[in-house]
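Labels run A, B, C and D following the written order; every chain starts at residue 1.
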Amino acid sequence: MIKVAILGATGYTALELLKLLSRHPQAEVVAVTSRENTDPICIVHPSLTGLYSIRCENLKPSELAERGVDAVFSCLPHTATAAVAPELLALGMKVVDFGADYRLNDAAVFNKWYNVTHPDPERLPLTPYGLPELFREKIRGANLVANPGCYPTSAILPLAPLLKGGFIAPDDVIIDSKSGVSGAGRKPSLKNLYPECNEAISAYGIGTHRHTPEIEEVLSTASGADVKVIFTPHLTPMDRGILTTTYSRPLKDASQQDVLDYLRDFYKDEPFVQVVDAAPSTKDVIHTNRCHLTARVVGGRLLTISVIDNLIKGAAGAAVQNFNIIFGLEETTALI
Amino acid sequence: MIKVAILGATGYTALELLKLLSRHPQAEVVAVTSRENTDPICIVHPSLTGLYSIRCENLKPSELAERGVDAVFSCLPHTATAAVAPELLALGMKVVDFGADYRLNDAAVFNKWYNVTHPDPERLPLTPYGLPELFREKIRGANLVANPGCYPTSAILPLAPLLKGGFIAPDDVIIDSKSGVSGAGRKPSLKNLYPECNEAISAYGIGTHRHTPEIEEVLSTASGADVKVIFTPHLTPMDRGILTTTYSRPLKDASQQDVLDYLRDFYKDEPFVQVVDAAPSTKDVIHTNRCHLTARVVGGRLLTISVIDNLIKGAAGAAVQNFNIIFGLEETTALI
Amino acid sequence: MIKVAILGATGYTALELLKLLSRHPQAEVVAVTSRENTDPICIVHPSLTGLYSIRCENLKPSELAERGVDAVFSCLPHTATAAVAPELLALGMKVVDFGADYRLNDAAVFNKWYNVTHPDPERLPLTPYGLPELFREKIRGANLVANPGCYPTSAILPLAPLLKGGFIAPDDVIIDSKSGVSGAGRKPSLKNLYPECNEAISAYGIGTHRHTPEIEEVLSTASGADVKVIFTPHLTPMDRGILTTTYSRPLKDASQQDVLDYLRDFYKDEPFVQVVDAAPSTKDVIHTNRCHLTARVVGGRLLTISVIDNLIKGAAGAAVQNFNIIFGLEETTALI
Amino acid sequence: MIKVAILGATGYTALELLKLLSRHPQAEVVAVTSRENTDPICIVHPSLTGLYSIRCENLKPSELAERGVDAVFSCLPHTATAAVAPELLALGMKVVDFGADYRLNDAAVFNKWYNVTHPDPERLPLTPYGLPELFREKIRGANLVANPGCYPTSAILPLAPLLKGGFIAPDDVIIDSKSGVSGAGRKPSLKNLYPECNEAISAYGIGTHRHTPEIEEVLSTASGADVKVIFTPHLTPMDRGILTTTYSRPLKDASQQDVLDYLRDFYKDEPFVQVVDAAPSTKDVIHTNRCHLTARVVGGRLLTISVIDNLIKGAAGAAVQNFNIIFGLEETTALI
């Protein structure tokens, strides 16, 4: 059994991770950490009742090592993972970071968008971006993987192939995303209060959301072009799920069917990406690790519509997928 | 014009009150207070954009008097109103308290359930309970009125007539209520976070909710009997609305039709209580000051089902109704 | 009193209209029609209990005339209004059509998009489009007004001024709209079933929605340019409200503040359009006749975000606004 | 592999069953039936994309036998299963009926409540009620099992032990249940339309719901007493989940702790029943086969609060649990 620890286990992504790992035949959760909380994890997350008896603890890397931890899933806030990752790695643990600390290559870009100084800048360019559909080989054998953001996953999966294939212009990409409220985390604030979010949809972080440079950098890496996007996230009254609608300028005289055929071929061997004909609903993929996506050619634009579960394919499911790859396990273990 | 001030204007009941008062031809809002907030009220509550330009201020009773305030609606937390009410009244202002401070007659009961010492105990037995359908005459000409709690309003309207009429036993009354999340207020906490409340229903305060003594005291006052109830509130995934289902032991051999006829006759002159035949939905009354209620005789029990909007008939609407009565205005002004 | 009839009174837009008219001092509802239904309207719509005692009837234009009807609000399906409008007008009644029958100028375009033959083609070019903010003078004194579609209202209000002012290119406008489920009407079908819509967002009618030609024609008329748009509606899990995000190519070197100042000036005298600085939420405007809109300049694009209540400013409220203008009443009557 | 067929595969309970069976190592779905629908099941239920390629067919029992079907899950409407069950059984197939056809012992009671004539009355008293926690031995080796109703499961699990243990009176049991909308099925009707259900809670079938005799009969069988209940279901704005609150008259002077200890001991070996201290939320158990329940002693009444997922423990999960028992498999297979 691979001994697993989860850092920052009181939030929603950790909850989903714990649910997935309870079905994982090769993983054993031996530690869940929290700075303040010392309750049993099934009190913190009542839906884990009967699945886990372990308590939250405030553990240092050395204590995790003493416990024989092989792999760490970090759900800590940004910069907190980069503050402990070097020690965890030095102690021989593999690390999957749910946060943004290692997603970008350039610490300067990170510092600008996150308005901090990155604690571990050297490691940024060396750390693979944990989207297996694009970077599986880099992930294999890595000790540290940067789990993608939820919005980026929903946008990169449809756009990267189209950019690689030269179907769309890299300098005129519009991304309009709609996310459930769990994406805002479990920390109480006015913005994620039930009566503020329910029966309401609103845009936020227009042109300023931190996932923008992540999307641009990964799409640029994947396509070799200098990709610029306009990204507008919307807070939608549902627990989970992201629907992303993109609008791009076509570079080829390709029909809608050509585009769908190309995307189907591109993802034909991927267990978690389904190219569909009908417009997908987030309901088709929530509580799964799948992405459903389709494309349309409308009025001289190429549109894509993609849906994922922000907590699974957009977080915990992708993390388990990366964990499976790192440890050479069947990639779909605990995910189907 | 009657000059009105609202104390504690940043919450949901104050928002509903401001919406109602924007349609009131004889009321002018001249002050809205908050301890911390100094924003324009239409920034605090964007749905008031274009309706109010006034800002939040931290005002003392004397400052309200200087501004010529005639009537104060207090949406302050419990004991905070009782701490200022004496001064407001001494300065000649009428006060409608949204909170619990003056709902009970006995300060000892208040102190026990609210675990505090009441700042103004003498005034409790003298203050009318602001449910016009039962206590209109006491409210008329009062200087201070205790606006009812939302759950009590939903339970008292169907039960008080049945107790007065000797239809049901006072010692065996079960009240099962379901409320929208706005009832939990606008202060962020884990319990009213969107992802915690959405797609979820749960019971809380079972046998310990502070509305229990209020319901028992008012029903006892209204019926002359010593009424004991079991009250179970449930948090329901909707913004607003309360549905209350009650189960009582019949004392008369009355048919369902007899009971409905009696209730119809009891409320025949009430503009805001409708006795209906079909089982009502909260959707029939939200955004109105109305209560819809019906009764059923099932398996040797007399059931009632009643619905209100917790923020209007259960709070702001009742407050305006009381305001209209106190100032001798048409009782339905701004409420239809 | 102006005697009013509502054709097709069993749906959601008719319900909102009836609520608004119950507060209208100069309007009296004397007839509500339905082909099948003969119930009292307060049984069809329980939230009208106590407000209306009138029953649904199946009435011919001549019968409406006999009843002295001055104004008809038609909530009939498309082509049904155009089948009766000529007779209603001949009998001297004013008509506000909630449907699409008279929104377009060109019957050929209508026939193509609605896949029918228009019953009254001559009247199309003569009928004003009932968006008072743009066509108030044409509406004044008209006998027939075409009430705008909900999506078009949300898109035209932010875009028309920018096109008129030459701020954006007419040939590269992307409109991404998110609507509550009431927009799908009250006829039961799998697509608007609760468990299909709840916890789900999906795009539909991509590039094929019938509001596309309406938006293009009205924006072209308003701006004098030949406007082409890409319009993608999304079904969002909420009862009501539309949020529309638009992406256009700027033609001027105008700052975000310039754009906001221009829009504020453009709408400075409009009671129902508020240009706001913060990103608006549908919650700020639902249950009102207001539109809140803002603009952003992001990555070489000009974005607008606008919110309305699809059933009020997008239907019943606009209809009452048009009714008020036609009859020379205060335009805001029953709407504030 | 056990070859499985699902009759009536287009509804919500069949969807959940197909999801569960996709994880079942010993079950293979070889047929899914529908009277009208001939689409691939992943078109009928897009969330099954990638999991199943099978199409809906209209198959007779003999055709199922030719296909080598070992076990049939029937999701057909009431009386439809009883019309084919005899032939299915004669052909050697095991049958788990999701419907009510075989839940009651007495055909006369069935005929009265369902207002039909039961097609297979002799088999009623011989068919075990598929609630393993109470009737595991009867289920083992049975060829036909009646899967319990969702409301009955939520009410029987907390009440049966208390009745067996003599903790509560059998003649004074009040059951107040709150269910998500999926319980109303997938057939479009006004009552389960999104805008009718959302932001609304209502009671229905008060004293007339068909689960009433089922609850009474099973509780009587389990306890040996003649149990009478008052059952009030409420339609709650959520996809799934049932919370049931019961109010009974205690027969013993047992403390709350005594009751909780007794229930914990009663269910100590049950993998899917958890006795909890805190008031449970439906959110703790949705998407699982678990029931969480607790008890309270309040004002001379014994209360229980229990939560299940109506589609899993209340339908598809229980069916798989029964399937596992019938075929001698590990009972929790595909359910944890």
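Here is the rule we use: contacts are C-beta pairs under 8 Å (C-beta built on N, C-alpha and C of every residue); 3 or more make two chains touch, one makes a residue touch a chain.
These numbers come from a predicted model, not from an experiment.
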Required minimum of steps from chain B to chain D, each step between chains that touch: 1
Pair of chains joined by more contacts [C-beta pairs], A-C or B-C: A-C
Farthest-lying chain, centroid of Cα atoms versus that of chain C: D
Chain A and chain B: spacing of chain centres that average the CA atoms, whole Å: 46
Distance from chain C to chain B - Cα centre to Cα centre, in angstrom: 36
Centre-of-Cα separation between chain C and chain A, whole angstrom: 40
Residues within chain D bordering two or more other chains: 180, 196, 198-199, 237-240, 280-281, 283
Touching residues on chain D, where the partner in the complex is chain C: 12, 180-182, 186, 188-190, 192-199, 237-240
Chain D - residues contacting chain A, complex: 22-23, 46-47, 49-51, 199, 271, 274, 276, 278, 280-281, 283-285, 287-288, 290, 292, 336
Complex contacts: residues of chain A adjacent to chain C: 174, 176, 178, 180, 196, 198-204, 206-207, 228-230, 232, 234, 236-241, 243, 245, 247, 279-283, 286, 296, 298-299, 301, 303, 305, 307
